[in-house]
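Shared chain: subunit A. Partners: subunit B in the first complex, subunit C in the second.
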Partner chain A sequence: MSDEFAQFQEAFFEEAAEHLAIVEEGLLALEQYPKDLELLAKIFRSAHSIKGASGMFGFNAVTQFTHKMETLLDLLRNGEKAVSPPIADLLLKSTDCLKALIEAVKSGGAVDDEVVQRLTAELASASGAQPPAVPQKQSVAVSPQSASQERSYLIKWTPPEWLFQRGLDPLQVLKELNGFGDLSSVTLDMSRVPDLAEIDPEKCYLSWELQLLTGKDQKTIESVFEFVHEDSTLSIEEIRSQESGVRSNAAYDSIPSITPHPSSLRPQEDGGPKPLGTILVESGVVSPAVLEQALSQQKRVGEILVEQKAVTPRQLEQALNTQRQQEAASHTKKTDTTSIRVDTAKIDKLINLVGELVITQSMLSDLGSRFEIKQLPVLLERVAQLERNTREIQERVMGIRMLPIGTAFSRFPRLVRDLSTKAGKKIQLVLSGEETELDKTVIESIGDPLTHLVRNSADHGLEPPEERLDNNKSEVGTIRLNAFHEGGSICITVEDDGRGLSRDKIIAKAIKQGLIGENEKLSDDQIWPLIFRPGFSTAEKVTDVSGRGVGMDVVKRNIEALGGTVSIKTVTGKGTTFTLKLPLTLAIIEGMTVRVGKETYIVPLLSILESIQPKAGTIKTVVGKGELINVRGTYLPMIRMYEVFILEPEYTNPMKSILLILETEGERVAVMVDEILGQQQVVIKSMEQNFRKVEGIAGATILGDGTVGFILDVRGLLEIARQGTPVSAVA
Partner chain B sequence: MAAAALETATKELNQQIGLTTDGSQFLTFNLGEELYGVDILRVQEIKGYTAVTKIPNTPSHIKGVLNLRGTIVPIIELRTKFNMPTIDYTAFTVIIVVVVRDKVMGLVVDAVSDVLNIDKKDIQPPPQFGAKVDVSFLNGIGKSNDKLVALLDMDRLLLDDEMQDGTKAEKAA
Partner chain C sequence: MSKTALIVDDSPTMRQMVAFTLTNAGFTVVEAEHGKDAVNKAAAAGKMDIVVTDLNMPEMDGITLIKELRKLSAFKFTPILMLTTESALEKKQAGKEAGATGWLVKPFNPETLLKTIAKVLPA
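Moving on, here comes the complex of A and B:
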């Protein structure tokens, strides 16, 4: 497949995803406003676009399925049918199925044919059409040819040139064929049409390729061509490929013994000849068991070659490795391309800024070529302008990666709807702050954690309707998703008005798991984070939604991997609020550059509370070693950075150095450094790309002088300090 | 067309000067008196030695990291890696930047020597010294005009090393 074509396909998948989102959103809204024709028209348009585009790329399974959906939607739109909950449900399920179908073409995976067939049948019957011959799993092995089921035919027809002269109309033929069943694809070949100057209007230069899904047999189809048969080239073939359509698979399902496992018996995908084994089994010459046995004796080409000493096992191994790599490579290529859609206004603004930058640059170089010292103020002014431009461009470029968080929220209305039906609760979802923008990578990675939180709220947080009424609450529970900016970070809250976390239950569970002692006195702030421990769930019963204790720890881990934090607020009987605090972007952080000896480190500004110069007598030790510093009445553990990272410091006396008070996961520590150099934005560079993760270091960056500086991982630093001997320094 | 013509021309030229392009070309470098070789296809570039930033708590043969046009590249000192005595860096000290399974790394060596063309028949399997001397990172011993070239197995040398550190770190943690 050519690159260009692949590129268009990429665009198709993107568009299809957008249309699917519109369809789903529309259907959900339709449940509330079943009479909204505007909405129906919108859904219909999107479905129609998917159908059209998929047909263009030859994704017939998608086209056919969408066509069925469209038929039903059309009836709804014309008011011939009313939107009822079963219909809405069916359409939603069909949307899921369509998603799976598109995903299957995209990644080359398989689709559950049974689901597709069932939905196709349901759609057809909902549309009031005659239910198509639904494939039944017959127990008798029936030869597909003799079955009165619908079959798919590929018809290639090149009519004779005299067609028009005799007053025959090819359209009539096509119409007649359509009357037999479903003409799923019609391709017109115009390659023989000459230039306009040479065209003979009485001659027919066209030929067609048709795909017909019908219950009629081949003879009947041939009879349509009776009048035009003379001099025309006509071929009618029955096709049986997966691609050709969903229902052609029916032929396979009717052979019960073939479907189970032997992969060698799978039908060929592109309509090519069937494997010998399949034919033998179908014609009843051998039983599937015999064939299986025979196949198991068959040797791989490689083994035979080794036996014949044509290759050494090592060479073979190498060749196999190459094969595997190629397979893996082709697979990753399929799934790995991502792209982003950017508002044109953003790009226009960026282009303007680049224009300004170019002007500033030319002003500077003009000044540089004939510079005199008295022009220094002018130079400084222009450099300041350059700085302004650069900063603005940086912001705008980062802005390109910014997407409204609404894209991450959009999946929740559906999720909550499904959860509420499943759990038998009435749940209302309120979204706000959808327009808040944040980095694309962040948006992609918070989807799963948010889903966990919403599920948890719906399943554990909110009570069943009866219980709510007993507690003088409205019958309908509310889950609120909100996003807003706060300082340099973004906050997302998941709030429910349910029963709240139970302090007693959590304590009981924690004692049972040995996380806390029996009589330990803990504050609320110490208790709530316990639910983030792996395997911790207080749900009385495990549902298929949640309660297995996996999830909350994953939420915490994912959010922390993004450099964010999770906090909990809960009031018993009133509800629970989870607050996720995330950095706006992952690529740039605001940092404080500090010096230890000759080395420069960057400390993330977010984790710095304050910096102090210790006074004499404020530092105490316990057991002779553990150092504590008194900061306004609280003793904080002190870490000497040069000890942890084995550096040569300028000062070993804390009175001469600077202490940074850092906070991580609610813990506060004092870290001793030689000097604070300043505050700046740094671009995070990965250490893992060419090396590996280094304990205590979150990443690297390039400093003003071109050398590499490390960004401190406060948590990691703490861990190393606690272990005593630094990791692998012994090696 | 032009590209194909260029390719044949290059081939001919290479043959004339005694270079072939069948992959058995090695960039050789010195560590003391000894000569080592790396597969030339692995070499990205050679650059003069510049100061590196030391990575805390890593084995001593990992000199540190360097900013190579915006990417962070770890630098490994081969002398330390091979347990050879360290020497002061001179004007000849260079960093050979290699690519090993998509990872870019730098090797500090005493000096680069030459690009040698070693025939397959002139390469013998690595010697066995038992536990006394670790030569597991050698691919073989190449001969070229009375010179002995120890051919390095880059995957072994750099990635094994990295894995080991990784597991060590995990164990300690």
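Moving on, here comes the complex of A and C:
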């Protein structure tokens, strides 16, 4: 491998991941359309790309394994072999193995050699080929012995007539030869040049006779003609040797016949002696199998030392551990960085915008240097322009982090295929909205929760085929994954047409776990979220199908950690839909700035339902529940911000202040503030990273005047409101 | 004036590596993702000093690309190098017939690439 290329490894891993996804997707689609040659060509190309690029980095295990896959894919692509389920299966398994191999070179993980070898053998036998012999090493090393000896060669060369048409220039050849030593005589033979009238200026009618005095060997001289010698008449003859007097004549008329050189005259291609085993095998003394077996009996240095009692097995084990750790450490170091591939068009646009920004800036500084008050309108206009520039750049920069969600979806066809085989159900997966873009971090984090949900739908949501037929449903169950933008967020739905959640079972379970009271009257919207309670779905299945109960609480926690929400819609007998609502990006939110006393807070705009000025008599204090406010017939808990954050407010009387009605996860709360200042986008700075976690605060930001403003954590506020009040009583 | 090179490969990693090597060697580089892209970019550029192309690509493969380029008068005699993997060496013949100037077997290192280019590109 070249060190200069090492910097592109990260790019390779990224590209390889994409190709693996293409291969996997393609193979799955192939099961339905086994004759789709275009699809096969696409799969082949991806495997081929992985092979080509991995070779550049010296990832030999990857290259060799991909080569085996490629061989089989090539046969399929050329129609020499038909795609059968066992072959598709083998290729899918091989894809997994390839993934592991790549992961291993990337982060130093271990690969099960046995699996690799078994699959390699299976691939070879499926391709109907014997495993080929050890590939011959290519070497262009110049033999060191001959370098000092100057020899003289007579070279006769008649290039093919179409030389120019392939972009070849005979002058280049002469120049290169001249670079090897002294081109003492150049004779041009023009005898084949026709009359001017018949001449085709694009053809080469010339021949040369050259004498070259050089320290290079014949092979090196031949390499000059690499691209033409098969089609040329070429002879290279040594005319005298100054040292040994050995006259080697390797003249040949080319086209297919390449005369092998007497090996005794030629040094070993690698410039070193062959291994003893190779010589013995070549001379027929031992068979390769015997050699192989003898080599396998070779002991490692550690074992020998233990046998000689130079070290104890324990010492050896420790030393090996140290070695492994060092290996692992050296592997992990190089994979710390993450990168992202960006469409060049996006970057071009960004550069344009930066250009505009620079112009605006220079206009402003020009204005500033000789500012008079009558120019105020101009100043304001320029500042507005600056604001436009900044906002646009901000959007574009965020856009760079945006990737289509398809990358997160791409794992599901395989998952669903495996699940359906395992559960003996027929499941059809429908994906839509794959092109919807969202933040890279969000994409990376939703993979697991989505997998939980899809698994859940396949395991618990969808009924077995017989049951579906009994219920007049199609035998094939459908799981739909859809993504779309809604306002400033992205919605991802996981929908199945299965039996739906069972209200009775959830209630029974919740009563058993003490989550709700025996006789509590609950609406559907209050019942479904119960399955997100920790331990609810794992201990016992809500639906009584066998399979793995997955922790829905984990799903919910993960989504909420991303600032998102999960909601459920279900119709008994018809199916269930989980909707994940996520922010487009984690770094910037649209916020409402509010004032309490002298402090400014930012409330996430998405959570604000409305703002009201309470009327007299709408606020009641209930023992154990704190203050409640009646908003159009519904009592909501009321929080006085100044009490929570211990501030000196302008108003302590709710009638004079403003109440923001906030909602999170279907629960509402009224928050009392002094004044609403306005709406703006804010960049979130983490509290945990810069200070410590504060209840009720999601993060901080720098405001326009340079001061720090806190961003409210609506959920945290709700928790504060709940303190001392039973959970189920919040209504 | 620096020399210009058209690099054609559907693998961005390969493209980057070739581009990196050539840029360091003083070339001005134009990249194309596949044959069609390359034909368009070649036509738009009018003229290039050298073309380095992969063979197996979507839309239009390398062999077809070489044929197409040879049809353009500005590319009739331009050196075109094809990058092949060992298994695709049989493509050498097809490449030659299409008008490829030379070839380079993957994997290669920067020095080999530059050496091969020096072989076919007049200084």
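One rule holds in what follows: the second predicted complex is superposed on the first by the 493 of 731 C-alpha atoms of A that agree within 3 Å, B and C clash if a C-alpha of one lies under 4 Å from a C-alpha of the other, contacts with A are read in each partner's own complex, and residues count from 1 in each chain.
Heads up, the rule we're going with is that contacts are C-beta pairs under 8 Å (C-beta built on N, C-alpha and C of every residue); 3 or more make two chains touch, one makes a residue touch a chain.
The model shown is predicted, which means the values in this text are computed figures rather than measured ones.
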Of the partners subunit B and subunit C, which touch A:Y153 in the superposed model: first, second, both, neither? neither
Contacts for A:D231 in the overlay, against subunit B (first) and subunit C (second): which applies, first, second, both or neither? second
More residues of subunit A are touched by which chain, subunit B or subunit C? C
With both complexes superposed on chain A, which partner does A:H67 reach: first (subunit B), second (subunit C), both or neither? second
Now for A:F536: first (subunit B), second (subunit C), both, or neither, which partner does it touch? neither
In the overlaid three-chain picture, which partner chain does A:N690 touch, first (subunit B) or second (subunit C), both, or neither? first
Considering only the contact definition stated at the top, list the common interface residues of subunit A for subunit B and subunit C. none
Per the touch rule above, subunit B residues touching subunit A in the complex are 51-59, 64-67, 70-74, 103-105, 162, 165-166, 168-169, 172-173
Which bits of subunit A are touching subunit C when the two form their complex? 1-2, 4-5, 8, 11-12, 15, 42, 44-45, 48-49, 51-53, 55-58, 63, 67, 70-71, 135, 138, 164-169, 171-172, 175-176, 202, 224, 226-227, 231, 341
Of subunit C, residues touching subunit A in the complex: 10-14, 16-17, 20-21, 54, 56-58, 70, 76-80, 83, 85-87, 96, 99-103, 105-111, 118-123
For the subunit A and subunit B complex, residues of the former touching the latter: 599, 644-647, 685-687, 689-692, 694-697, 700, 702, 706-710, 719-720, 723, 725-729, 731
